[in-house]
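Could you have a look at this structure, given as structure tokens, before my questions?
Going by the order they are written in, the chains are A, B, C and D; count residues from 1 in each one.
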Amino acid sequence: MDTAPADGLIAASWLLIALPLAGAAVLLLGGRRTDRWGHLLGTGTVVAAFALGLLCTLQLDGRRVDVDLFTFVSTGSLDVQAGLLFDPLSAVFVLLITGVGALIHVYSIGYMAHDPRRRRFFAYLNLFVAAMLLLVLGDNFVALYVGWEGVGLASYLLIAFWHERPSAATAAKKAFIMNRVGDVGLALAIFLMFAQLGTVSYDGVFGAVGTLAAGTVTAIGLLLLLGACGKSGQFPLQAWLPDAMEGPTPVSALIHAATMVTAGVYLIARSAPIYDQTPTARAVVLAVGALTLMIGAIAGCAQDDIKKVLAYSTVSQIGYMFLAVGLGPVGYVAGLAHLLTHGFFKAGLFLGAGSVMHAMDDEVDMRRFGGLASRMKVTFVTFGLGYLALIGFPFLSGFYTKDAIIEAAFDRGDGWGYLLGGVAILAAGLTAFYMTRLMLMTFFGRPRWEPGVHPHESPTVMTAPMVLLAVGSVLAGFLLVVAFPLESWLTPVFGEPEEAEHVVAPLVVSVLVTVVMALGVLTAWLFVGRREVPVTAPVRVSPVTRAARRALYADAVNESLFMRPGQWLTRALVFFDNRGVDGAVNGLAATLGGSSSRLGRTQTGFVRSYALSMLGGAVVVAGALLAVTAG
Amino acid sequence: MSLTHYLVLAAILFTIGAVGVLVRRNAIVVFMCVELMLNSVNLTLVTFARASGTVDGQVMAFFVMVVAAAEVVVGLAIIMSLFRTRRSASVDDANLLKY
Amino acid sequence: MSDFPYLLTMIAVPAVGAAAVAALPRGREGTARQLALGVSLVVLLLAVLTTIAFDAGGERFQLTTSVSWIPDFGVDFALGVDGIALVMLLLIGVLVPVVVVASWRDEPTGRRSMRAFWAWLLLLESMMVGVFAATDVFLFYVFFEAMLVPMYFLIGSFGGPRRQYAAVKFFLYSLVGGLVMLAAVIGLYVVSANELGEGTFAFDALRQIEIDPGVQKLLFLGFFVAFAIKAPLVPFHTWLPDSGAEAPIGGAVLLVGVLDKVGTFGFIRYCLPLFPDASRDLAPYVLVLAVAGILYAALLAMGQSDMKRLVSYTSIAHFGFIALGIFAFTTEATTGAVLYMVNHGIATGLLFLVVGMLIARGGSRLVGDYGGVATQAPLLAGVFLIAGLASLALPGTNSFVSEFLVLIGSFPTRPVFTVLATVGIVLAALYVLLLYQRTMHGPPRGVLLEPAPETPAGATGAGDGATPATGSGGGATAATATLEAPAAAPARLRVRDLSRRELAVAAPMVAIVIALGFYPQPLIDLIEPAVAATMSDVGADPAGVSPQAPVEGTD
Amino acid sequence: MIEAPAISLAALAPLLFVFGAACVGVLVEAFAPRDVRHPVQVAVALVGTIGGLVTSLLLAGERQVTAGGALAVDGPAVFLQATIAGLGALSLLLFAERSLDPARSAFVAAAAVPAGSPRDRELMTAPRVQTEVYPLTTFAIGGMMLFVAANDLLVMFVALEVLSLPLYLISGLARRRRLLSQEAAVKYFLLGAFASAFFLYGLALVYGATGSIRLSVIREASASEAGGGVLLVLGLALLVVGLMFKASVAPFHAWTPDVYQGAPTPVTAFMAACTKVAAFGAILRLLYVAFGTSEWTWRPLVYGIAIVSMVVGAVLGLTQTDLKRMLAYSSIAHAGFLLTGVLGYGSGADGTGSGLGATMFYLLAYGLTTIGAFAVLTLVRDGDGEATHLSQWAGLARRSPLTAAVMALFLLALAGIPLTSGFTGKFAVFRAAIDDGAWPLVVVALLASAVAAFFYLRVIVLMYFSEPAVDGPTIGVPGLPTTLVLAVTVTATVVLGVVPGAVLDIAERAARFVG
């Protein structure tokens, strides 16, 4: 893993971050003056970043290039350099972020056209892209952390973009707080690295991690996982992600589907040298992934909000990725490949959903959709391709990447491997079910529109990115797995791929997955396609459905375990601080005042009592002196 | 009678004077009790002078008498003015100033 | 040029300025504030020049001047700065002009004159410079106590409705601490007289003497109580919410931004070097207070309904971090703590300022009286958010660097405390975002709401109330009126976005927040030598807590 | 043939000046025509006291015992004599103020007229002034100066009476609120006489124990007898009681609030400043010279009394609503602080501690500040004389910023805030005490200062932060004398706070008893 000095264009890779950052700065500081062309600037910087990223990637040639910028913080034995690491792994992410990011910027020009605050929207999007690029390009954990919280901020700003809506404001806050919980883990992991190794740079940490005690490495691994869970909406911190759909749909597509939420996967993949040392932590990653992918899939089945379905789908799909990277070296590439293809099709799905909402006057309830296939042909086709890719329709991208993960799970060979593989296949069936349900409720059947809604196809500026993403959804899997294998591109990062010994033949897995998927589609058709969809959700439903609607009570648990006790504690402490701590002080003052008036009573005004006090004093003085001299 | 008896007598007189100050209400009487205390001191001084065989103590007693006389002058003046205003020489009546 | 008595000038200029302002005839309010601004800018310039004259790699104390003051007590009027004091002087230099501009249009209650406000403010600046520049313990103490007086008058004369209570509470709390410290100061002198033959208050001489451990503990406690009240650490904190809430915004900024830093500065400058053994022995107890403060005050901040009280409580939590950094005894953490002192002054100062701007608009300090301000005052909301984010130590803001340094530096020596403190960053996010959401987000509501049109159906009447609240342009009044008239009149706020003056207040602070967030190293370079010296005084390795020293050492 | 004792007239010059002026004053009172009496009396008294001040300054460095051993003219004596003479002169200036009261004087025109009688009401507004207060006060000043120089107990007793008797009288001479004034005089007199009796009995016992009343002889006797026997100890106890009464130390303070409140304010100022100096001068001399070798006997006592005094003064002051009464409790607390200085005697029996100089400095600083504070009190008036109730001071800063500022300065000095003389004084005495290992006492003292600070602050809060009452008091425009007093005291309070070096140095160099 030799690091090459920066040269050529790569030396200017800091521009990748600087361009969108400058865009954000200009748009935010420029104020109303930039209203007219702000969106173009915002899009332009990201397109430029994409072009630069592409050129850098082409120049990379399998090297790891370190770009030193300046000393960020250096004191005592802590030395944090602001530096970038451009290697195949970060290159992949740079292309994903800038590529999908550019498409979504273009889409947003249309989507946000009528919003008076469009300029600010682009500023925030640019800010996000810059922070995300910093996250994946930083050459040390502190830089990663800065980017990590930076994207959190951008996510907060964008979820709360329509902040007049209390639900949006609350969702944004919730996202930030739950992310912060994860960030605590990441921060503690960094502290632990520094305490044990004296460095926080990737090179330093990964080079010396082998010298650490197993327990320490496991601790680092688990803490990093906590951070990853927060950012990627994994159990137990998954509850924020569905709520984050309160943000404008392009935000959901870019941040809460394609890029930011996959940062957790990046973190674990990037920290592969650490996880390689700790099977325990990896097992926990696996467990988290498997659990989350089921939670997401189950919850997705019962949602009526089109974006919520997609959000739970995202939760579930990232679960797949966690499962993959939790498997260790055999899974890293599979997980990352799924991450990339997911980036394409999920972004496409979200943009499609946005297009539908655009057409339906911002309606999100699928029970109010129906029969849109004929009205919105482009949207229908692109969305349909994304759908097929997601459920793993053969030879579309999801098929390749999801199968690889399931295969890898089985390849563990032990009972856990079968369990994980089985869970993954089951979830694939559920995925097919809820996505088919979504398709049927949205595009087929009888229109159930609100009166006065006249669906129409979206403008080209919106459909063009959808088409491009649909193409990506179709081809990406094939390209990344078969044509230009990601595996070999990432070899400099993860080492030569081992020749996998398949426990279950890949073909068997593929057939199995496809069959389960078909079953899921069929079931959905039986439930939704055959029958009339009621306009309001049925109330009398099975407990399973109710639990799924409420996402397995994650919010309820959070509220009863943390929020309400926290509120109670806060009230109690306020009372304690006012009455207890401050009360003690004021009480002391009151006591002094009280004793003052009581003592003051002795000052009766009668000269004889004064004389008595003097006489008493004299006796005491004489007695004291005698006592001292005698004793 | 040894000298100690004189000293004890003086101490008793002093105590009587002090108690008198505490228990009597009339300002004049209170003041007289103070005078009694001073005189008990005189007795003590004279006794000690006798004991040491010098006249220092006796001289001191003269000083005390002179001072006591001056005190009477001042004291009576003050008490008189109070009495003339209030038509009462009771020290307990003078308690406007308190707390 | 290095012989120029910068420090003396920095004390004298505002003091003379205060006298000049006070001497102005009644009615010259305008001149008074211009003079105040001018003087404070001169001090800023002096602070910058001092920094230029200061050699980061040179002697510990530089730009020293020393004149015998009270020879009978062995007291010298001795001034000098190390890197720690220097950055505090810079902070003062920056904050005071900002405060002057921020208070430019303040209206005093009753028939008081703002001249007094400016005079006290400048006098306070003089005292604050003195307290950081003193290198004689007695002189330090004198400034430490004398500093109370101007602040007392600022709170008491120009504060909120309960200003009397707050002012007295502030004064008495500080005075009690100060008096306990006085006992320790005298004790220190007596010890020095026994050790050196002649009593002295000179910091450098006192640092050299070995003090009996038992005596050290007592003296340490004397100093500690004063500083813990000043800083304030839980449970000595209850004066701050009252003072912070009742003080005028300018006073609150200086109170929390600078005055309270004297406490943490005192820990570093006096407690650690003078009483190293006691510091080491008692550090665990201090850390308990510090960490308890971080969590306790953060929770309390969430429960506040008064914005200024809320910000005060956040400060208490931040002081917990600073104390943690100081008593972790590592170069990294203590450097972080010093940097935190500067950053907190800027960040919380900004938060106070912007909260003040909001209060100036609504006339209420209650969180519940506001809502949806962001819709109509985006700049105000933006600055509010930046201040809030700096307060929760988001990376990219200045506070992040310091909080990160404190935590990462404390972790190797005090892992348990650090883990608990790190939980505090979640609470910080909670209190900031709760405040922000309640005031800035959501539909417009609260005291700033435009009065509803008298006749709900009478759309014609809406033109009266439709002042161009967003200030989109002078001539647009009629246009907006006609445009809005037919609409169902969604709730609107009677709120103006930031004025030019307010922007002039916020812009430099925001710039510093961001600049120090990304490039803090110049300040660290100033601070570190002094911190390293302190660490070697207290017996910690000034080179930091690098693990596996032999391995690292071979590089 | 009786040999006259050796007398150094030069060394007695200050006393002679003051007593001479007092005698001249009596003659003036008797013979000068009524309309010139006032200026002449003031001039005579001032010449006497200022002459005393100047001559005592000239005596600096003098160390001798004179008048047959009855008087010690040494550093402390000269320093305190100068202090008393100076403070006395300032007090006299307050007495002489004629432009504040509509009746041109704070003193009653005819003390013999019953209060409230028709004649009294008539005289109340008459511009007639009585001038006997000047010789009386001058005698009191002389007595005080004698008190601090007394080298034997009898002289001390005589001086005590010389200073007390005129004070009893002038306490009762207020022009307004005469009932209160008379009551104050009676109380002061009766209790003062009572205390004198104690002192005197102590004198007698000490005489009995040692055969002498000369301080140096007592010192030797107490040293040789290792504790000195019951008589000596009892004698010491009673002497201390008598002196502590004058110094208004708790538990012998009961008279202080009543008398301070009832007496005419200039007299209160005089008592608060000069009596305190004189009493502490005597306490120091008695304890350091006569009982210096048996320091261990009185040390615990002073320790305890100091605590009681500080606590009583500070705590009781909290709830006072009358400014004069509040300052009285402040004076009790300050007596406690002064006692901490007295404790700084020096652990070796040779008295090398810095307590003496510190206490003397404190006395000077406190005296100046307290005179100033009372002087400000005389300015704030309503129709019934001085407006001393706290509520009447609300919003004073708005009516008269200068008055409020001056008062605030004095209050801050009394509270011991740095850069005022009060802080320097406190620092000096506390240092002396800690030097002697009495740090627990100092901690108590500091906490008491914090409590006391509350009531000083309350006045500032009222003056500055409260809205003025509609029918508030008027602020008198002071005439030259009061202005002069205020100028001197303000200057001194600031100078002794900011650059106290020179004066501290003088006090330190003067701090050696002869004997």
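For the reader, a short list of remarks on this structure follows.
One rule holds for everything that comes next: a residue touches a chain if its C-beta (ideal position, glycine included) is under 8 Å from a C-beta of that chain, and two chains touch if they have at least 3 such contacts.
Labels paired with UniProt names: A = NADH-ubiquinone oxidoreductase chain 5; B = NADH-quinone oxidoreductase subunit K; C = NADH dehydrogenase subunit M; D = NADH-quinone oxidoreductase subunit N.
Keep in mind that this is a model prediction, so the values were computed, not measured.
With steps allowed only between chains in touch, the distance from chain B over to chain C comes to 2.
Chain pair with the highest count of contacting C-beta pairs: A-C.
Our note on geometry: chain B versus chain D, Cα centroid distance of 25 Å, whole angstroms. Centroids of chain A and chain C (each the mean of its C-alpha atoms) stand 35 Å apart. The centroid of the Cα atoms in chain C and the matching centroid in chain D are 45 Å apart. A straight line joining the Cα centres of chain A and chain B is 95 Å long.
Among all residues of chain D, those that touch two or more other chains are 186-187, 190, 194, 257-258, 454.
Among the residues of chain C, none is in touch with two or more other chains. Contacts with at least two other chains are made by residues 600, 603, 605, 607, 611 of chain A.
Remark: the chains found to touch one another pair up as A-B, A-C, A-D, B-D, C-D. In the complex of the two chains, the chain B residues touching chain A come out as 18, 21-23, 25, 30, 91-92, 94-99. Across the interface of their complex, chain D is touched by residues 7, 14, 17-18, 21, 27, 30-31, 34, 37-38, 40-41, 44-45, 47-48, 51-52, 54, 56-57, 60, 63-64, 67, 70-71, 74-75, 77-79, 81-82, 84-86, 91, 94-98 of chain B. On chain D, the positions that touch chain A within their shared complex are 186-187, 190-191, 194-195, 198, 227-228, 230, 233-234, 236-238, 240-241, 245, 251-252, 254-255, 257-258, 296-298, 300-301, 304-305, 312, 315-319, 451, 454. Looking at the complex, you find that chain C touches chain D at residues 68-73, 110-112, 141-146, 148-149, 152-153, 156-157, 163-164, 167-168, 171-172, 175-176, 179-180, 182-183, 186-187, 189-190, 193, 218.
Residues of chain A touching chain C in their complex: 28, 70-78, 120, 142, 145-150, 153, 156, 160, 163-166, 168-170, 172-173, 176-177, 180-181, 183-184, 187-188, 190-192, 194-198, 566, 569-571, 573-574, 577, 581-582, 585.
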